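Letters A, B, C and D mark the chains in the order given here, with residues in each chain numbered from 1 onward.
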Amino acid sequence: MIIERARIKSNCEVAHNIWEMHYEAPNIADSYLGAGQFINILALDDWSHPLRRPMSIASAEDGCISIIYKIFGDVTKILASQKEGETVELMGPLGNTFSNWDNGTYPVLIGGGVGLAPILNLKKECAAKKVDHTMIIGAKSGNEHFIEHEPEENIYLTTDDGTIGDEGTVMEPLKRIIIENKNTYLFACGPEPMLHAVREFALKNNIPAQLSVESYMGCGFGLCQGCVIQRHNYEIRDDSYHQKYSLICLDGPVYEAGDISFG
Amino acid sequence: MIIERARIKSNCEVAHNIWEMHYEAPNIADSYLGAGQFINILALDDWSHPLRRPMSIASAEDGCISIIYKIFGDVTKILASQKEGETVELMGPLGNTFSNWDNGTYPVLIGGGVGLAPILNLKKECAAKKVDHTMIIGAKSGNEHFIEHEPEENIYLTTDDGTIGDEGTVMEPLKRIIIENKNTYLFACGPEPMLHAVREFALKNNIPAQLSVESYMGCGFGLCQGCVIQRHNYEIRDDSYHQKYSLICLDGPVYEAGDISFG
Amino acid sequence: MKRGILVLADLKITIGSEVFQNPIWVASGTFGYGTEAPELVDVNRLGAIVTKSITRKPREGNPPPRIVETPSGMINSIGLANIGVKKYIQDMLPIYENLTTKIIVNIAGTDVQEYVEIMEMMESVSSVIAGYEINISCPNVKKGGMEFGVDCDMTAKLTEKLRILTERLLIMKLSPNVSDIVSIGLSAENAGADAVSAINTVVGMSIDAESGSSNIFTTYGGLSGPAIKPVGLAMVHKLYNKLSIPIIGMGGIVNTDDVVEYMMAGSTAVQVGTANYRDPGIGEDIIDSLDSFINQTNRKSATDLIGSVRTLS
Amino acid sequence: MKRGILVLADLKITIGSEVFQNPIWVASGTFGYGTEAPELVDVNRLGAIVTKSITRKPREGNPPPRIVETPSGMINSIGLANIGVKKYIQDMLPIYENLTTKIIVNIAGTDVQEYVEIMEMMESVSSVIAGYEINISCPNVKKGGMEFGVDCDMTAKLTEKLRILTERLLIMKLSPNVSDIVSIGLSAENAGADAVSAINTVVGMSIDAESGSSNIFTTYGGLSGPAIKPVGLAMVHKLYNKLSIPIIGMGGIVNTDDVVEYMMAGSTAVQVGTANYRDPGIGEDIIDSLDSFINQTNRKSATDLIGSVRTLS
């Protein structure tokens, strides 16, 4: 884990309320292991917001990393106000990565909302290793999408309101793709209800799936014990510690769907 | 009292750590009564620093007002980072003004540190009314001065280290000027030790003097009762309220030297 | 919201026999006597004005410095500077005749007798005031300077004595500087209070590292502002779980979300304090946006919010 | 500072029979067992590491959500997740042999017997630990869930029992959620504690206005960070005025000025808590700049700061 003062290379709104920021962060980019990992951002030097903000790494190349973020509250608003040339302190790379997508299975990459950040990244990694795959990205409405619906390229968009791509959630194209392709492996990141649905679907249909999950994080590197998710199958032993709850910042954010449970 | 969203017209460092900011604030400029009055600035929209920051009005003309401020802590640092075109919420004009300087006496204007803001302003008012006067401005060192030492123009600078103007405090030229001129009236604004010295001097030598004083302010308009200064002569009566302590934001910031006491 | 039709939410709330036009009040000590607000504020829109604490005799208050900012908060030690009940009755009560907002008079004393005398004097004249808020965070001279508000028995006794004297609203204002605010709230309830309000300021201190001095003349002062919001919310929620009388919540409220949170935690009404110093019109702004919030979240009235927080355990 | 000569200030402080290389410690629960710090941190520079609370049995802790940010602060409800004393003795104590910084083991229990058993187990093995900090902000199951730390008698009894078991440093960690922290501190002192530390977290609550839910699974959690600094300073200063044993101050420390203020208020040492999450190297940074501060202000040693605040009244 590295703490690095990074220079902002660019920071633009790419869709409604969704921004993309590029940082010059050679040390973090260097240590980066793959899609799924995240950074923890110190957006303001003062202590009015004591905690850093975790953001998935959306790309890491040539000494630079990028994030894709949505304006949610105070700190993401501040992120959006930051200008090229300013510097920000980043901590990373943190967490684990998606894995086994290059093991002969057919990866189906599923992103929802800003959960598309690591998914876009994984797509690039698939392309680089020439692994055939499909990607599905869901959003509430068309104005939150900034990539194209290209079924011929195996890129499917969905919107709740049908303004772009398929109307409905990512589950609709997913169901079709599962039928059309053999040996699929799902890789998903997005809001909890989406992950929930993917998980249920995967378990029911016996399809392997990895989910990148989120939680409020106090530190991002294992000190605070704040970022837990409940494991699905855990032994309740007398000396049970980290059996029932797993630290997302260290053990995650990527889990096999069967290993975790959404309360 | 007016609350007005003001546009920043300019914001520059005029001396070491000392900045001058111009705001477009037509309503406040319009209601402005004279040197001594101040505004209360909301430098950040968030609530990490709940209180506004009071700053003397250094000029008010053509719908614009200006302040001269020193970087002290968090909020003045933020002020210095603000850029032309940004808007800030100002409250003002607040407080009373220097008075009676145009009543046939010879005004000696004395400013220390950023206390020169209302003094420069008063100087302009004297000039406009063609009232002969002298001005003395003190600072720790030459790099904190941004006006010229021009004895021929009756402008005297002093520095603690002698780098510009007279070495020592404002008291040195003051003593000379008092001898050289008749019928003097002192008008002073600056750090408490300076005001203290001016007050002692004025009372001892029976010279009328007005002092603009500072205090931590919770509101700036009489609600919080936080900004008190002790009166010099007060009756301790059974129903004493605001007899012993005066609210600087309403009754001040300008007081006759004999009316207040520095603890 | 239907287009073209301004749907005004029902913001009315009731405490005892009093109906308030909305739950947004201004807190004692942060809005003067209700008569000093700048012209730009329409005090008649507020749910109620709680006046700064009135004492038996006028008080000059503490020597300066009385105020200092802290992270997301401030400390004050004003020392109950006020004109005293006599002058208050003379000068202020007549002005209230012309206000349509409700006035709650906050009373402070250093022994039970003092509170009683003030209340008797207030009740001996005719006035439009709606009720009293009793500040029990004052040092009790008879009990060695310990606050009334940290002791159940003292709270009960004081409440009883005052209850006899008035049919107007009697609201006991609780101190957060206690091990168990619920027992004290229950004492007030059992002794006849119509409501409790919480929280008063949290004891705090501030030092200037450079000069080595205390930033407050009296060394300790009262911490207020957003910093204490989590403390206020916890105490209001605990009170709501055990008391039957309404709770008036406060501590760090600066926007509509804060009001909603305080009401969800169990407040029937709320008080805006420190935020008035920065923006004396903030109460009005919050009333407007609370109105929109209630409409937009398809609630029927402000009262739907009270105690509605969904706890997870 | 003389040009060309690096004058290192004397940062040493003493508590009981232990000399600490500097007064900057890291707080329980904010630095793990002292063994998880990232490589970029040199833990051996710290005055001491206070480990996260150890309980008799391992604990999984509370369900999520466990953490939420608040204005200038955060609330946590981790629920004392820890490996338990047995595994701690097995796995951690050996690692400490290789550290030169001092280790203070924080202990938590739900009845006196539990604290006693943990201490007995710890004392039954040889180890390099310097002492114990006793977390008495835990709900006491035998007393209906009331915290040990709100009651003088419980505090005294617990201190006595533990005092008998160890000659190492015994530090009682006080809760701020009390009417009178000084009496509790005095009870600990009279029962034989070597020092008290203050403050633990302040009870707080956080609600999401939009969803209407509690942001913390257990509804209430502990508020920490700069928001509570004024509270910590006030309590440390009150303790310093009445106690003879050293006080270890904490609550919202994020920089050197904060450390200086806590020492001026009466702390012999301080603990950095929440700030470690944002910057695990902050303790080291503060040590360096405390060194400069002491030199630049012409003080001889860190101990000159202790209790030196100039009060005005």
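Heads up, the rule we're going with is that contacts are C-beta pairs under 8 Å (C-beta built on N, C-alpha and C of every residue); 3 or more make two chains touch, one makes a residue touch a chain.
As the structure is a prediction and not an experimental result, all values here were calculated from the model.
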| item | value |
| --- | --- |
| Fewest hops from subunit A to subunit C - one hop per pair of touching chains | 1 |
| Contact-graph distance - origin subunit A, target subunit B | 1 |
| Subunit C and subunit D: spacing of chain centres that average the CA atoms, whole Å | 34 |
| Chain centre separation (subunit B, subunit D; CA means) in Å | 46 |
| Touching two or more other chains - residues of subunit A | 47-48 |
| For subunit D, residues contacting two or more additional chains | 63, 65, 71-73, 226 |
| Pairwise touch network: line, ring, star, complete, or other | complete |
| Footprint of subunit B on subunit C - complex, ascending | 29-32, 36-40, 52, 57-61, 63-69, 71-74, 76, 78, 81-84, 86-87, 225-226, 254, 274-281 |
| Sites on subunit C touched by subunit A in the complex | 71-72 |
| Subunit B residues within the subunit C interface of the complex | 1-3, 42, 47-52, 215-219, 221-230, 238-245, 263 |
| Subunit A residues touching subunit B - in the complex, by the definition given at the top | 46, 48, 74 |
| In the complex, subunit B residues that touch subunit D | 47-48 |
